[in-house]
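Next, two complexes with subunit A in common: one pairs it with subunit B, the other with subunit C.
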Partner chain A sequence: MMAGSVSIAGTGERIGRGLPIEAAVHEVVRDALAGAGLSLSAIDMVVTVGSDVLDGGMVGTRSGIAGAYGRELLTVPSSAGHAFATAVSMLDSGQAGTVLLAGWGEGTKFAALDGRIIQADPFYARPLGADASAIAALQAQRLLADGRMSLERLTEYGAAMRMRADLADDKTAGMQEWLAPNWSDGACALVLAAGSGAVRVVDFGTAFRPYCPDPADLDPAVWVREAVERIGHTFDEDLAAVEAGGPSALCEVAALAPILDSAGWRPLDPRVNATGGGAMAFFGPATGLRHIIAVADALADTSGSGIAIDLAGPIGQATTVVALQGAKQ
Partner chain B sequence: MTMEETRAVDVHAVFRHSAGRLGSVFLSSLRDGRLLGWKTGTPARVMVPPKDLGGDGEWVEIGPGARLEAYVPIGWSAETDRDSCLALVTVDGADTALLTRLRPAAEKETLAPGARLTIRFADARHGAIGDFWFEQAAV
Partner chain C sequence: MSGRRIATVLGVAQVPMRTRLSQYTYADLLGVVAARALEDAKVDAADVDGLILAMAPTTTLGIDEPHFWATADLPGMKGFLGRVHTLASSGLVAFRLACAHVAAKRAKRVLVVAADLADESPDLIAAIGMFANPFAERHYPQSAAAAHAFEMTAYMARNALTERDMAHVIVKNRANGIANEYAQLRAPVTVDEVVDSPVLSWPIKRADASPRTSGAAAVLVGPADEKGVAATGFGNYANHPVSGARMVPGLDESYFDASDLRQAAARAYAMAGIERPHDEIDLAEVYASFGIIELLSIEGLGLTNGGVAARMIRDGEFHRDARLPVNASGGATCGTPISATGLIRVIEATLQLRGTAGARQIKHEPRRAAVSAIGGLFQLQEVGVLEA
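The block that comes next holds the complex of A and B.
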């Protein structure tokens, strides 16, 4: 268990379709630094996440815009949760005193061409058409068939989240709206610092499954429980905010179950996914940073705790649970 | 507002992958019209497709029956194919599930997980995972 010696000092985010990403990265970094009351020269290390198959070539360019020139840079070719964990570990281990974490994604490209099938096994999955939408549909059908999820709950949750995200009129190319990501563009930045601050990082836990897990193991609730067990902290009494960011509403509502059941909250509680969830503005692997920021914002000037669940991969199988706490006495 | 012009651009990248010591046997057997599982580990499990855990094992012929674990109902994914859909099945004699194609594609209301299936091999086989598919077994 971590000692809780890392704090979120500043944040910035830009979300929207057609976002000019280079400008957005610059703006969110500027916002995060301003929130932390720091200049770029005070940053020891830059950690970036946003390398997907469609913008991998831009990692270097955007990392430079984020402030990586002349300082240590870690580009994490993985999920937001993984990148956040990397940044926290750098601070917790004393390898840096301040870390600028920046992530971005151009999800609108995926609406035209979802390249994630490249992740699928070239012998046994890719030739069969195991694209991300098909794997997500297998997950959905299995959860529904097992009685772990109901169409009524999914429909209610999906509609409510779309309203929160102000996407009520959007269509999802004929797919079930609770199954399809609502592709967006986005950039997020956080300044993390060793020592105390307004919101401290309590701990994080992870769970991971392959591109197409075993059919008996397709429930994100199981992965979240596994990740939570790695966090030596309980949240029953002071829980104030919960966010889950994943590629589909189905995956989010399933993942939320263990936390909400423990707290006695309903999925439509206003303290849950105030942003509308990740599926409503999905910009790829970095999406989870937005939800960490949302929880941090909710906890500022409070003493409450909060949880951000990052669900990356086609069905949320790269799961990271981040626990935060407001530091107000 | 002007309409954005688009053009289809075909990007063709060819890679040569080794199928490995187990995958080579598995894929060759498909060309011969046989589905094999790799029995290995303690306790022994039959894996299909085979995973090379580095240990010894033996090949066992599995099927032709199978259990449907899940499939992609029509309209649930971006796929527009109506002749077949992606499915997860557990082949009789195997301990792991297999991604495969189910023919024909089905609506959610017409087929449920747990259904009995049977394997079908293509007349022309190439030693690839697409050499076979599953259909509902006759009752």
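The block that comes next holds the complex of A and C.
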């Protein structure tokens, strides 16, 4: 396992519907810098994550608001986990001393339009493939048929997350609570720095499957185990907070299984997904930053450890596991 | 003096660039260059534990999020580390990220792949124009040719240069492209032919511009202690996306004087221990989709002073047989698949430093190369330093 030499120094987040996204990006960056006790001039590098499609633009659209002008800029739109990994490796390899990691997404755009048309084929404006809910349903049916998941557990988890989520009043047109992604707008920022801080980055691990994986390989638990193996750590000591953010609650509860089984926790433990999970406020590939922040906040002023699982992609197959630890002695 | 080795280029591969590569799908292209890069490195696929896709913009491909459907069974796929999107600098930035993950010991061998099929869209310029707002289907009002015409006009006026003076960089590159079996344009042109080619947006003519290109490239990156060409420095500089904000006299003229690139180069050179780039760099591969960009890049990289690159090229400097060749491959004006073009700069520099560039090999045994790429309309500058 890598000895983590990177710490999270400051965080900021805004989640909501109809969020003025430019203002939100500006505010979360300001909050993260204030939390770190730094001014923008102290930042060496900016890493951004945001869907090309959700953004409706390209690299520069919001990078300036995120503080990129005059600094180094990398844009990694595939997932929050990948962007976080980018920031950590840039620091660990000595290519930067301070990194501002910012992500955003206007998920409510997807709620208003057929996501397949936006996602798939702008030249022909023709839907391509199943939409997100249909893909999640296929994944659910497979896990239920294989006996890897019980319907009761899914339903219970989905209902609990909905109650925890800030957006609990939003209806999902009668879809199962464990299936439907709840589109939201959001912006998040973290300041990461080389050296010690209140919350240390222990390590990260990634796992990935293309679209669509083999029918026998649809279980996020398998992907999480694979990512954890890359870290080489069992997380069974001093575990204080666990977050999982994915496109559906089904995906999250399945992904949580290896961590919770190892720790002996129930999915409804209050230390699990205090945010309500990613599916309750999903704003595209940047969503996972919110869960890294939630774990970091929970670990501040503690010596405990925590796990954030980012599940990007239609069925969460771009998996990143981030291990954090509070630095209090 | 050599810089600290960050990571090693273990293997490289590209395919001949063409307007149309109808024998390949996008996924095929990635697979072909991935396999060839591993063959070049003599590394088994099972020994690759990380993968990065450089892909930007997805609009030209017509399908979003290609990493989910085009990476199946690529080496390192299960340890996918992300898709990089910084427009035409994506390939070089992805290479830098691979070096960072290896240097941080997060992965041992990371494969970087990139491809473009530019003929997938019936109208590439219109597709790129839809960057701005696909929901409203509103086109971005400024084409690349029009945007860089501002630069060229200013450069000519400030330095008292004619259109003929400006044409020599294209003549040089097209002559270099003849020896590059991967180049899309492999026929020489004369100054007259450049000047007389159709005007796209004055003073930029068709011959000043890169062609519309399909192509692919891959680079396998490994630990610094392995044998091979090493990355020893990186630097990057981001500025405002609106080019007009960088044309303000006395405040920010980086759109005209390449001062942003100079900042990126300073960062890369500091990391690589370079103090006098003109004396310490043996060759440069710069991303320049228009002739004017190459002139500004030569100056921004500190290979000469500002405003003199065009005349120096006219007089024989920066040619392949010169002391400090720039774009000995022919550069992007002989072919530039947008997502892969930054990687191709790395590949061409690597081949030169290895001494295996074939007919386009520089004769003076180069030891150190600078590579550069630009994202957006001069918005994002990326510079790398490679050493034999």
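To be clear about the criterion, the second predicted complex is superposed on the first by the 305 of 329 C-alpha atoms of A that agree within 3 Å, B and C clash if a C-alpha of one lies under 4 Å from a C-alpha of the other, contacts with A are read in each partner's own complex, and residues count from 1 in each chain.
The rule is short, and it goes like this: a contact is a pair of C-beta atoms (placed from the backbone, for glycine too) under 8 Å apart; a residue touches a chain by one contact, two chains touch by 3 or more.
What you see is a predicted model, and the numbers here were worked out from it, not measured in a lab.
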**OP:** Please indicate which partner A:313 is in contact with in the superposed arrangement: first for subunit B, second for subunit C, both, or neither.
**Re:** second
**OP:** Examine A:215 and indicate which partner it touches, taking first as subunit B and second as subunit C; both and neither are also allowed.
**Re:** first
Subject >> First, second, both or neither for A:95, with subunit B first and subunit C second >> reply: second
Original post:
Thinking of the overlay built on chain A, is A:136 touched by subunit B (first), by subunit C (second), by both, or by neither?
Top reply: first
**OP:** Mind working out whether A:145 is in touch with subunit B, subunit C, both or neither, as first, second, both or neither?
**Re:** first
**OP:** Would you mind checking which one, subunit B or subunit C, touches more residues on subunit A?
**Re:** C
**OP:** Across the two complexes, find the residues of subunit A that touch subunit B and also touch subunit C.
**Re:** 122-124, 128
Subject >> Residues of subunit B touching subunit A in the complex >> reply: 15, 17, 19, 23, 27, 49, 69-73, 75-79, 81, 85-88, 90, 96-101, 108, 112-114, 128-130
**OP:** Would you pull the subunit C residues touching subunit A in the complex into a rising list?
**Re:** 6, 51, 53, 56-59, 62-65, 67-73, 77-87, 93, 96-97, 99-101, 103-106, 120-122, 127, 130-135, 234-241, 263, 267, 271, 375-376, 379-380
Subject >> Residues of subunit A touching subunit C in the complex >> reply: 2, 45-46, 51-53, 56-61, 63-64, 68-79, 82-83, 85-86, 88-90, 92-95, 109, 113, 118-124, 128, 204, 206-211, 226, 230, 313-314, 317-318
Original post:
Which of the residues in subunit A come into contact with subunit B in the complex?
Top reply: 114, 122-125, 127-131, 133-142, 145, 173-176, 179, 212, 214-215, 218
